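For reference, the structures are reproduced in the following blocks.
Consider the two complexes below, in which subunit A is the common component and subunit B and subunit C are the respective partners.
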Partner chain A sequence: MTDSAALTSRVAELIEEVLQVEVPDPGTDLVAAGLIDSLVLVSLITEVELEFAIQLPIDEFDLSRFRSAEQIAAVVAELAPDPHVA
Partner chain B sequence: MTTLLQDYATRAAAERGDGIAVALGEDRLSYAQLDALSDRLAARLVDAGCVPGDRVGLLMPKQPLSVVAIQAALKAGCAYLPLDPESPPVRLARIVETAEPRVLLSVPEAAAALDAVAEALASVQVWSMTVESVAGERARSALTRTDWDVDVAPPGVRVGPDDPAYLLFTSGSTGWPKGVVITHRNVIAFSDWAVDAFDMSPGDRHSGHPPLHFDLSTFDLHPTFAAGAELQFVPAGLGLDARALADFIRTSKLTQWCSVPSVLTYMAGFDVVAEGDFPALERITWCGEVLPTAVLAHWMRRLPHVSFTNMYGPTEATCASSWHPISAVPDDESVAVPIGRACPGEELLVLDDQLAPVSPDEIGDLYIAGVGLSPGYWRDEEKTASAFLSDPRVPGSAARIYKTGDLARVDEDGVFHYVGRADSQIKSRGYRIELGEIESAFNAIEGVRECAVVGVEAEGFGGVAICAAYVADSGLRPPVLRRLLVDVLPPYMLPARWLVLDALPKNQNGKTDRPALREQFAEQAAERRRQRA
Partner chain C sequence: MSAIRPLERADLPAVAALYADFMGWDPVAASAALVPYYARTMLDHPYADAEIPTLVYEDDGDGVVGVLGSNVRRFVYRDRAIRVACGGPLVVHPDHRPRGVGALLLRAYLAGPQDLTADDRAIDQAFEMTRRLGGETHGVASIGWSHVIAPAAFAVAALARRAGVERRSAGLVARAGALPPRRSAKAPAGVAEPLQNAALIDLIERLRRVFPLRPSYDDAYLTWLFAEMASVNVDGQLVRRLVRADDGRPLGSYVMYVAPQGIAEVIQLAAAEPDVPLVLDHLIHDASSGGAVEVRGRFEQYLLPALRRRRCRLVPVDWALLHSRDPELLAAVHGGRALLTRLDGEWWLRPRPFADAADS
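Presenting the complex of A and B:
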């Protein structure tokens, strides 16, 4: 498993564990699929920040880049070059 | 003097027909256009058999055409019934079956919702509001925009001021939404107050943030039209993006912004408002839930040129029954913002179990009396009788008081303070949610043996989190249940936190021990924090 695949699957697990939202596919746009709305998205941001010990640059952050497990994993990889995925 | 709700926009059309009545981005209608289009649509509604007292459903996202639909329904002597296209089909179908609209007005964007509730619509005429006919099973005979785009005489129907103007369905504790009937007189009393209280004038540009099925939209629509001002609908997608929302307020040059506290909290959390931002903005008001004082202080420090007003009131008393202008940045952020004093013509009462007034600063049940009170719930005498009581101060009269279900106290100065809920209703993002409705949805799922839903004060972004604990057959993990619930509950009613238990905690009476459950949820959150530390 590549690092980015491992990270994506860790993000998908986090979404299921913490938000109890099923992730049908790592590429699924969770907002468009009706699985999460704005409030859940806000909790997701908080959870991702806590889990990976990163801080999203909230004042310039584009929320449309934060809608699928893959996209979120890419954001995490960018902000935390060596995320702990164990 | 205005006696019927539709007269506000008609008066504005006569006085300043070219002025913008309502806009959503580039899609806008002047008062003259709004008046002419709604005259024509009203005539068509009457031709189609609508008679005074009928309901006209609106299944469409908010847009200028929905305001045409509202005005047309009123001009045809009917009550408008806003329906949420985002609501799950079973819930929507139940509302349509209960309210029995004569005609349902829709748009192509809502075709999926129409198809999904087709069964319930069997006896309802469905019309498309735009040139394209709605692609819905039951909308084959759709009347389209071209059918009513020719000049016709307005129908000339006049109902009485105590006839219904709209019906709104709110969450019900027994598992199904209940309809609140609001009359022309109710809304006119509220609108005239709002225009006066906020000194609204034709130069105002007011936000339309909440969807039309939410009672705060009453404030956006009718006082704005009463003032001859401009209603700027906030595009629905902006709810996700605090920065885009701030941009919208800036570029639309809004003068008055009304929303639920969660929106103000969300924007403060993203820190998108600069010092002295929104130079055109004069007033911010909110209603529907408690705004954290720290968030209010943040906004007040950023926008010293803006006035801030808290409003309080249930749907049953027409949007707002009391108000509290905040004159200075609160110095103690741990003290909640009061709900203030009653609006003119309304009364707030804090009473004990015997319906006797309590002493100052003593907590009691909050009741409302006066001009805002709904005649009652749609076709539900039992619920009406249990919530709307005879006024104990004037026995034998027709005067009534409404039991809000809220707990409150009055201070020595006569200012009212909200204390909490007396029952299992909570407010989340401004939506009023009966936890019983969520529990009913759980219990309807095969394999769920027992469940309890509680509200727990959330950290961070504030507000109340919906927390669900349940006992079920194996395999019904929370993600599986959540997916099933998405089909029956609107997104704002989905639990945020979950507990799967072998048995629910019980108190001495054998009832679910809700305080114990709340503690378990708090423990769960603490455990999670420990794991991360």
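Presenting the complex of A and C:
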């Protein structure tokens, strides 16, 4: 498994744990699938920050890049020096 | 890219339209009143703080689709100046709510440099969002109390509210109010006089040991505050009094809205716990004299013994929420060592663009 795939898998696991929903596919758009609303988004942001020890942007948080496990993993990879050891 | 940024004057029409839409008001008709109202309360407020601004969410395609108002208050904790931020209103266009715009605005606001964030008018969704973002419930202040002054009129008024015929039943409530009240109308000991700004500032300084965390008012701010509160006038006539003991010593003060044949809503009662009963006696006497049939407020730690003795009943109120990175400040609030009341929140801040519009 590549680093990218492993990170995506970790994010998918986190989503399932936090949201108590099964991620059908790492590329599934969670908003379009109706799995994310305001409350869930807050929980997800907070949990991703804690899990990967990163600070997601405050003022320019790009929601369009936070819609699937793959996208979230890409954001984490950008912000975390080494997301695998966080 | 869509982004959160401070409110600018040019955004006011869009913000007014958002709120009018949320309230079901005609945006064009409401805008004439809402734009200057938001300019006064969000941009030209005496304590407006560029570091803790009202935030808007600007969408690439749709423009301003969300707003979170910022009401900054100056407090002191012991001798340290601190900033308390009261966030509200939080309004998001319905099309953008599923995208979490409200949550992102709240997250950005809580990340600001304020020492303490306090919300006293949170609905259930804001309550959940705030808690998930590390905030907590100000438990005591999330419960309301009620003291019935005139039981017969109270019962008629309550039935009228339930049936939605408050205006048509005003005469009946007034006639019921003429029946004997629950308690003697005898004036309490001491004297209640109009509350001047200097007297409130002096009183709070006297209470510094009781309330290490307390507002740091000045004359300019109080002048603005009371003028704005009087103009909002959604809940009746603004009444503010200083209560003195028979020897002239200031004991406490109160600020409330009194609605004839309706409810007197307590905004602030400031007094040390041993003096609360007498100040409360004056407040209830004053509300009764103004024709109110019931007095309501939210619980504060220092009010509990006096309210318990009066056997006040519990009533629902909005959530009171807190958020701070300083555990000492949170401990001061939860421990009853803070004078943090509705006067310093945004509970009373309700625009009313039409004379007969329902409030929010």
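The definition used in the following text is that the second predicted complex is superposed on the first by the 84 of 86 C-alpha atoms of A that agree within 3 Å, B and C clash if a C-alpha of one lies under 4 Å from a C-alpha of the other, contacts with A are read in each partner's own complex, and residues count from 1 in each chain.
Methods note: a residue touches a chain if its C-beta (ideal position, glycine included) is under 8 Å from a C-beta of that chain, and two chains touch if they have at least 3 such contacts.
This one's a predicted model, so the numbers in the text were calculated from it and none came from an experiment.
**Q** Quick one: classify A:V42 as touching subunit B (first), subunit C (second), both or neither.
**A** It touches subunit B and subunit C both.
**Q** Quick check for you: in the superposed arrangement, does A:I54 touch first (subunit B), second (subunit C), both or neither?
**A** Touch status of A:I54: no partner.
**Q** Taking the superposition on A as described, I'd like to know which of subunit B and subunit C A:A77 touches: first, second, both or neither.
**A** In the superposed model, A:A77 contacts neither subunit B nor subunit C.
**Q** Looking only at subunit A, is it subunit B or subunit C that touches more of its residues?
**A** B
**Q** Does subunit B (first) or subunit C (second) touch A:A6, or do both, or does neither?
**A** neither
**Q** Following superposition on chain A, which residues of subunit A contact subunit B and also contact subunit C?
**A** Touching subunit B in the first complex and subunit C in the second, residues 31, 37-39, 41-43, 46, 58-59, 63 of subunit A appear in both lists.
**Q** How about subunit A: which of its residues touch subunit C in the complex?
**A** Counting only subunit A, the residues touching subunit C are 31, 36-39, 41-43, 45-46, 58-63.
**Q** Inside the complex, what are the residues of subunit A that reach subunit B?
**A** 16, 18-22, 31, 34-35, 37-43, 46, 50-51, 58-59, 63-64
**Q** Tell me, which parts of subunit C touch subunit A in their complex?
**A** Residues 1-5, 97-104, 106-108, 111, 125, 128-129, 132-134.
**Q** Could you please specify the touching residues of subunit B with respect to subunit A in the complex?
**A** So the residues of subunit B touching subunit A come out as 239-241, 243, 262, 266, 269-272, 429, 460-461, 478-483, 486, 491-492, 494-496, 498, 528, 532.
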